[in-house]
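Paired with subunit B in one complex and with subunit C in the other, subunit A is shared by the two complexes that follow.
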Partner chain A sequence: MSTLGSAVRAGASALAAERMRIEVAVSNLANAESTRGPDGQPYKRRDVVLQTTTVQDFDDSLGRATAVGVEVAAVVEDQGPARRRFEPSHPDADKDGYVTLPNVDPAEEMVDMLGAARAYQANLTAIGLIRDLVQRALDLGRG
Partner chain B sequence: MSEITSDSGVMAALRQQMTLAAARQAVAASNLANVNTPGYRAREADFEQTLDGKLGDPLTLTNPRHLAAAEPSGPASHEAAGLAARLDGNNVQIDRELLSMTQAAGEFARAQTALAAKFRLVRYAINEAR
Partner chain C sequence: MTIDALKGRIPSGLPKVGGGDAATTPAGAGFSDALGRVVDAVESTESQANTAVSGMLSGTTDVHDAMIALQRADLTLQFSVQIRNKLVQAYNEIMRMPI
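And now, the complex of A and B:
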């Protein structure tokens, strides 16, 4: 039973991580044209770093945890080169008339979001399957 | 191995099968959870090996200088072999894991049905065949 509990927890940790990925991708998309961030510099694309984690469970303290979850290790800024666009009328244009724009590629963000959404869906399905198992186990106690 | 034919033996075996199905479920859920973790390698539950360890004759020490067999504590898992890794070193395939979960769910359901039938028999005996 606790095995199933840790399996659900692993699935839940993935749901949280994938939701975080979608959130970050959405904020990247939203700020694709933001030329002023909090530091006055153009927005920098953010990326989520995922890492495995042992599911915190009673089994874990006994040293026989079987489920491996996932967690967001960090949200890092993409240090790739910024885009530049010739737009002399823009208030943030430099003396040559170029505007420095965030290094966000909308297509890349969409693909990232799609992948995260699919992974979210798969983990939701997995949790549903485990719930069925728990239900069946409970049925054993029924007349 | 002889006690497998007895009532309690069958129940123990069914219980074991349910435990292992749950463990396979947990391993597949872990793989699914890490479908986007770079460098993660898909794992598999040691199903047959654990089953043999549970059902086979227990190993006994015939010589005090022999090492005792390790007590199987919980189902073990190993890295799945023969899976193509993606560019980020991850080799989890969503369809494979979901299939494995469905299989494990079926296994669990089979054992549960049989165990429920066993429990019905016990209840029948307790109620003096009424």
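And now, the complex of A and C:
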């Protein structure tokens, strides 16, 4: 099952990447109201950059790998404008009474998270399908 | 897993095919060698699954990696059982052959 092995590895790399996307979306959602970070600045929304990668396999070294995996290239900060809210009683409010909030839109993060979760499920289904195929091939030996 | 301990006992029950001239039998041609290689394959995937599960428990491996390693070990074991069945079947077939 050498060829199917590389497909399983590609699926596994996608699972790791989607898990990372979910983690980043969750941290964005959790920090939607964080006005202070380690540098004293409000939290900045983070984005995951994905890139293709060749899966390390026996087939790959023979130059006939058919499956291409995915990996997280970087987690970058969104440089979009921060939200501002009038809240003079807040300790982090500026002299005009405005608080600078992270550039996180909770609705957008929910959509991102749902997309990543569905992609995770899709890759799980793909790996399960490969498992079923190998299982059926093994059933040839019965009887 | 200590399947290796089991491997030592397998060849004793299965004599090599090819009669007395064992020297002319190419390496890996006997039933016992075939079984030994299958057991080696099971052993290696089993140890990979073990590593993945302990990595999962210590938090260094992802859940899906551990489960894939377990599935791989399971499928390799099923494959080796099928090989064993076929080898034993072939051996019995030859032993029943009237001369």
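What we mean here is this: the second predicted complex is superposed on the first by the 140 of 143 C-alpha atoms of A that agree within 3 Å, B and C clash if a C-alpha of one lies under 4 Å from a C-alpha of the other, contacts with A are read in each partner's own complex, and residues count from 1 in each chain.
As a working rule, contacts are C-beta pairs under 8 Å (C-beta built on N, C-alpha and C of every residue); 3 or more make two chains touch, one makes a residue touch a chain.
If you're wondering where the values come from, they're calculated on a predicted model, not measured in any experiment.
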Subunit B versus subunit C as contact partner of A:Q51, first or second or both or neither: first
Subunit B versus subunit C as contact partner of A:E109, first or second or both or neither: neither
Greater residue coverage of subunit A in the superposed arrangement, subunit B or subunit C: B
Contact residues of subunit A, present in both the subunit B and the subunit C interface: 1, 8, 127
Footprint of subunit A on subunit C - complex, ascending: 62, 64-65, 68, 71-72, 75, 78-79, 82, 85-86
In the complex, subunit A residues that touch subunit C: 1, 8, 12, 15-16, 19, 124, 127, 131, 134-135, 138, 141-142
Complex interface listing, subunit A residues touching subunit B: 1, 3-4, 6-8, 10-11, 13-14, 17-18, 21, 50-52, 59, 62-64, 66-70, 115-116, 118-119, 122-123, 125-127, 129-130, 132-133, 136-137, 139-140, 143
Subunit A-touching residues of subunit B, taken from the complex the two chains share: 18-19, 21-23, 25-30, 32-38, 40, 43, 45, 73-75, 77, 94, 97-98, 101-102, 105, 108-109, 112, 115-116, 119, 123
